[in-house]
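By letter and in written order, the chains are A, B and C; residue numbering begins at 1 in each of them.
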Amino acid sequence: MKTHTDYLWFNTKARHEFVNITGEVARVVSESGVDDGMALVSAMHITAAVYVNDAESGLIADIEEWLSKIAPTRHPYRHHQTGEDNGYAHLWNLTLGHQVIVPITKGKLDLGPWEQVYYAEFDGRRKKRVIVKVMGR
Amino acid sequence: MKTHTDYLWFNTKARHEFVNITGEVARVVSESGVDDGMALVSAMHITAAVYVNDAESGLIADIEEWLSKIAPTRHPYRHHQTGEDNGYAHLWNLTLGHQVIVPITKGKLDLGPWEQVYYAEFDGRRKKRVIVKVMGR
Amino acid sequence: MKTHTDYLWFNTKARHEFVNITGEVARVVSESGVDDGMALVSAMHITAAVYVNDAESGLIADIEEWLSKIAPTRHPYRHHQTGEDNGYAHLWNLTLGHQVIVPITKGKLDLGPWEQVYYAEFDGRRKKRVIVKVMGR
């Protein structure tokens, strides 16, 4: 049994940014030497998400608009009494989820035709991390 | 350490359909010979979901009505400028999630009394897949 | 390869309760003897959630208020025709998710600075369980 761990670092220019990390995850899986198993891809911060969906810019704009509708950015969240202004970003993290598991078969990411792994930053412009942990044989 | 992979195929008659796949997942786990471990059950398409909840038809209708309320089917999504009409289906996938991990103990799915694994199709009437990857000892 | 399984029991005083279980998960991981791997933390009931986010009481109140807004507690859900009154609790489970995977590195939970594991009870005052299954080497 093999395990392998790597960390992806982000420091986005915009406060909100959607980054396709499929290639980075594939690289870590390749470096792991795992032929059959799973890769956990998990945001280590609670105001960002990791999800799987389509690499289509219109859809990505739809996702952000939709998040803004179900959890508005300018709502007077109680969390803001701590001095923060990112209450919405916590709720967006909970809506999209902070992690995915990518199956690995024959040494490759075993993804469907349109599946891409995304890091979605909701409170950026500072250093943040995603862990990629690979486990298998 | 053992790994075992199988793919479940779907081609639903209705555009939206909720399919209880608990028995299929149990069959794959049984075939894997894994006594203790985890089974990843993950939709390979981005307009379907895999989730765990109750096998109760009223609740399933509630879930679909609720999804329609938080992400309406007829909204003018930007994604539709690509010729698609399934923007809502991407958002429903993100809301319910596209994968679950089922724990395996003593060779069986280690689920609570009401937990059932569902494949939820949001853009059906064509062939789609779910991967089941079992890992353990 | 090692696997180790434990069950956390809950019987909350309030119908809705958010319980920080990070310490309990760390204890199970420590008992497993796994140095590198993953811990699945999964609610075995379909009216509770397991999620990762901040241990900040204002935010926790924001989360509950937000859940009540997107899936109201008093809605006439079809599920209530079975005699239940917890339709909302099923939808809250689906919104936050019922499970997380915590990565384990050097025998410890490999969490970011603010990541805490929460059990969120939405229909409490009775015995309910969470499974923690650890897998690794």
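The rule we apply is simple: a contact is a pair of C-beta atoms (placed from the backbone, for glycine too) under 8 Å apart; a residue touches a chain by one contact, two chains touch by 3 or more.
Source: prediction; values computed, not measured.
Undergrad: Expressed in ° and rounded to a multiple of 5, what is the rotation angle of the C-alpha superposition of chain A on chain C?
TA: Rotation angle, to the nearest 5: 120 degrees.
Undergrad: How would you label the chain A and chain B contact, same or different, if same means the shared numbers make up over half of all numbers there?
TA: Different-residue interface.
Undergrad: Can you check how far apart chain A and chain B are, centre to centre, with Cα atoms defining each centre and the answer in Å?
TA: 20
Undergrad: Which residue numbers or ranges of chain B touch two or more of the other chains?
TA: 1, 70, 95, 97, 101, 135, in rising order.
Undergrad: Using the touch rule from the top, collect the residues of chain B that touch chain A in their complex.
TA: Chain B residues touching chain A: 1, 3, 5, 40, 42-46, 70-71, 77-82, 87, 90-91, 93-95, 97-99, 101, 129, 131, 133, 135.
Undergrad: Where on chain C is chain A touching in the complex?
TA: 1, 36-38, 51-54, 56, 58-59, 61-63, 66, 70, 95-97, 100-101, 103, 105, 110-115, 135-137
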